[in-house]
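Both of the next two complexes hold chain A, though its partner changes from chain B to chain C.
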Partner chain A sequence: MRKYLAFFRLRFTMGLQYRTAAIAGMTTQFAWGFMQIMIYKAFYETQPDAFPMTFSATTSYIWLQQAFLALFDAWMMETEIFDSILNGNIAYELCRPIRIYNMWFSRSLANRISRAALRCLPILLIAVFLPYPYGISAPVSVIHFMLFSMTLVLGLLVTVAFCMLIYGLTFLTISPQGLRIMFTSMVELFAGAVIPLPFFPEKVQKIMEILPFAAMQNVALRIYSGSMSATEMEKAVLLQVIWLIILTSGGSLLCRYAEKKITVQGG
Partner chain B sequence: MVIRMERLKHGLKLYCHYVSISIKSMMQYKTSFFLTALGQFLVSFNVFLGIHFMFLRFHTVNGFTYSEVLLCFSIVLLEFSVAEMIARGFDTFSQMVRTGSFDTILVRPRNEILQVLGSKFELTRIGRMLQATIVFLYAVLHCNVGWNFAKVMTVIFMIVGGTAVFSGLFTVYAAFCFFTLDGLEFMNVFTDGAREFGKYPIGIYGKKMLLFTTFVIPYALVQYYPLLYLTNRTDDVINILIPLCAVFFLIPCYAFWKFGVRHYKSSGS
Partner chain C sequence: MITMENVCKSYKVAKRNAGFKAACKAFFHREYEIINALSDVSFTINDGEMVGYIGPNGAGKSSTIKILSGILTPDSGTVLVDGRIPYQDRINHVSNIGVVFGQRSQLWWDVPVIDSFELLRDIYSIPGNLYKNNVEELTELLGLQELLRSPARQLSLGQRMRCEIAASLIHSPKILFLDEPTIGLDAVSKIAVREFIKKQNELHGTTVILTTHDMQDIEALSKRIILVGKGKILLDGSLEEIKKGNANIDETVAELYRSFEI
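After this line comes the complex of A and B, so read on.
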């Protein structure tokens, strides 16, 4: 465990170094959130009764999504991992007395957390001070906030576990491009990154909520703004735990299988 | 004058040669080419699905119907992908500055923009264009545009003007590299952001946004005003020609690029 913690610490401090990149990213995300809110506002003004959640819940959802983008962004896979599989550097890592799965998991986790740590506070701070329906409102209750923090962590773990599955598959196919594009587009849509899940038609939404993608950002962001009932929350958290167990065990099995089969590329 | 025309002709021929080499080299990796094109398709397909599902719930937005929004979305996407196909060399320009390979361009007796653009012709954007074309055809069939010569010209002018605006923005993006050595991520707000949020008529973003996109970066000239004409919201024929005015946006962009070239200090080895 200690060696994986060391990997985590190393990556985390490394990630904190890129401050200019963080500022640039933040401005982009702020503009993105702002424009997104304008779109929902236009829809809300045309037809307020068709809105599946309150307007202020929607804006909170959007700001939280922008603030914690680095935690859940499906595009943010580790190119280093793909590269090491392609150019053969993976051989060095296989020599070490560590589990590849655990090492990559802690590394991805650290990368995402360090990025989010640099970016989330300023965005949240600005969003808090925006005038009422446009900013981020306070959580509905203390319990909601605690549940939000818990599901945020669970969602992050599910996201990383899912990415690990794709890294594992790369071992078997060598060319990661196709897989990567297919999966990231799927994650984007089904996780609620394109539009929040409640905006989908009810039948589609019912199916989407069972899938692992809904266990990523969807749960936490919706719990915060109080647009989930108590039973819905219970079910969502349970699904998050179940998917986390399935994805991590599936991923580590895949990694172990791939490690035995692996042909080291390059020279 | 004759000499000028001669040079232009020669330049065009050279550019076509660059493009053909670029395509040939890309075709050496066919799988990679198709996968990237597919990726381009899927990314914008998500945007399309977003619009589609929103309109299953809402009937209109600010008076614009589903097919009118699709018309808008597909034209902007087409403008963007054509611009990206041509001006992709600017997108990866930061590498050229950092590695110092811009030096080799400067010593050649040809226009430097021609060479930068020729360095990379991105045919993979065809995936995005394909999508834009399909959505456009769907929108055309379902929209009550009442097509006539003037409206067809409007669409053509929109595509020309829009390609100019996006190409101009790519030029500015590249010109910044002369000063910062690296691409500035916030410029994405103006390129990728415009593609993403140009899917809805700019009018829905409010008055201030409309003013900004009319006078500062002329997106509205190639999207909102001609769209009003296409969807019969106004009869004013000036709207047909407005998108062509956006081509003037290239002038300040070009000036900024020239300014940047003059300040270029070689880096790398």
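After this line comes the complex of A and C, so read on.
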């Protein structure tokens, strides 16, 4: 365990030193958040009762999403991992007394958390002080807030486990570009990163909610704003746990298989 | 003790002719060629030996190192390093060996070198005292005092290579594999690295296997050389045996390559 913590610690401290990236990221996320809220405002003004979530629930969803973007964004994968497979530096990682899967998992986790740690506070702070209904409202209840924190962590783990699958598949192909583009667009759409899942037609939504993508950011963000019923929440948390188990075991099997088949590229 | 018996390893390499037409054709039908990187390689190396593993480019040197360090799985044959089969028992195996790949980097690019060392301390679970002693010794021998606090990206190649070698030895491995450790180094760094490897062998009885194209490395370090070419072992003997009189070592080796037509 200490080995993995060490990886986590180093990746975390490394992430903290990129200050300019953090400021640039924050600015983008503010701009993006405001833009989305403007668009939704225009829609809500035309016909407020046609929407599955209240306007203030939607704005909370958007601000939380922007604040914790680094935790869930699928395109934010570890380029160093891809590079090590592509240029053969993986040779060194295979010389360590440590499982490749676990090592990369703790690394990606640390990277995401360090990015989010730098960015989330300013965004949350400003969003809290924005006038109702444009900012983040308080959570519906203490229980909702606790559930929100728990599902946030679960969602993060599911996201990382999903990315691990892509790293594993990269072992088996020459270039990860195609896989990356396909999977990131899928995640963006199906996880509720473009528009929240309740905004999809009911039949489509039913299928989407079973998929692993819905176990990422969707659950936490919707629980916070109270747009899930008790039974829905139960089901969502259960699905998160199930997907986490499936994705991690699938990913670590894939990694073990790839380790045996590996050829180190570039001599 | 390290033994390799009848080890074979082949790679599948996609081949096509130059040009757009050939590329289109290869899109539908790909031609592969099987390259035998190692065919029927056998040797034994005893504890505390320093062996130079030489041969022209593409002879199979790096493949051998990678098999011995548990990264690659051979197609056939048996490999035993201190009683372990490297590729089957990878995690246990690698905690007892140190590897340097001269053309790659194991240091974390954006953080000070000492951070990479501390990560290695935790990965190899090195006890605090041993870690402290090893870092002190390596710093002293390789002259790292000024380097440890700078990020790896701001070191020169020679400085970085000294840190890389230190990083590979921080867990006091009994066996050290060096794959072209002096590639691209200036004379001063080369000599420093050679001296250091020699000292490690004398002080700790570390078994060293070294691949290089720099014959001065071999001359300075190893009494025994193994020559490989086209995946086969062509010669296994001492440096004196192949050297004729006072001939220059580079010429001797070039002559050797020519006589084996590799």
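Simple rule for what comes next: the second predicted complex is superposed on the first by the 267 of 267 C-alpha atoms of A that agree within 3 Å, B and C clash if a C-alpha of one lies under 4 Å from a C-alpha of the other, contacts with A are read in each partner's own complex, and residues count from 1 in each chain.
Just so we're on the same page, a residue touches a chain if its C-beta (ideal position, glycine included) is under 8 Å from a C-beta of that chain, and two chains touch if they have at least 3 such contacts.
Quantities reported herein were computed from a predicted structural model and do not represent experimental measurements.
Engineer: Have a look at chain B and chain C on chain A after the superposition and call it: clash or fit.
Structural biologist: On the superposed model, which is not a single observed complex, chain B and chain C fit side by side.
Engineer: Could you say whether A:R96 touches chain B, chain C, both of them, or neither, answering first, second, both or neither?
Structural biologist: Only chain C; A:R96 stays clear of chain B.
Engineer: Quick check on the superposed pair: does A:M53 touch chain B, chain C, both, or neither? Answer first, second, both or neither.
Structural biologist: In the superposition, A:M53 contacts neither chain B nor chain C.
Engineer: After lining up the shared chain so the two structures overlap, which partner does A:L130 touch, if you call chain B first and chain C second: first, second, both or neither?
Structural biologist: Touch status of A:L130: no partner.
Engineer: With chain A at the apex, figure out the C-alpha centre angle toward chain B and chain C and round it to a multiple of 10 degrees.
Structural biologist: Nearest-10 rounding gives 90 degrees.
Engineer: Quick one: is A:L211 in contact with chain B, with chain C, with both, or with neither? Answer first, second, both or neither.
Structural biologist: neither
Engineer: Between chain B and chain C, whom does A:M76 touch in the aligned arrangement: first, second, both, or neither?
Structural biologist: neither
Engineer: So in the superposed three-chain picture, is A:R2 touching just chain B, just chain C, both, or none of them (first/second/both/neither)?
Structural biologist: Touch partner of A:R2: chain C, not chain B.
Engineer: After the superposition, pull out the minimum Cα separation from chain B to chain C in whole angstrom, please.
Structural biologist: 7
Engineer: Hey, which residues of chain B end up touching chain A in the complex?
Structural biologist: Residues 31-32, 35-36, 38-39, 42-43, 45-47, 49-50, 53-54, 56-63, 184-186, 188-189, 193, 196-197, 200, 204-206, 209 of chain B touch chain A in their complex.
Engineer: So in the complex, which bits of chain A are touching chain B?
Structural biologist: 21, 24-25, 27-28, 31-32, 35, 38-39, 42-43, 45-47, 50, 52, 175, 177-178, 181-182, 185, 188-189, 194-195, 199-201, 204
Engineer: Would you mind writing out the residues of chain A in touch with chain C in their complex?
Structural biologist: Contacts found on chain A: 2-3, 5-7, 10, 13-14, 17, 87-89, 91-92, 94-99, 259-260, 262-264, 267.
Engineer: Provide the residue numbers of chain C that touch chain A in the complex, in ascending order.
Structural biologist: Interface residues on chain C, with respect to chain A: 11, 62, 66, 69-73, 87, 90-92, 94-95, 97, 99, 101, 103-106, 108, 110-111, 115-116, 118-119, 121-125.
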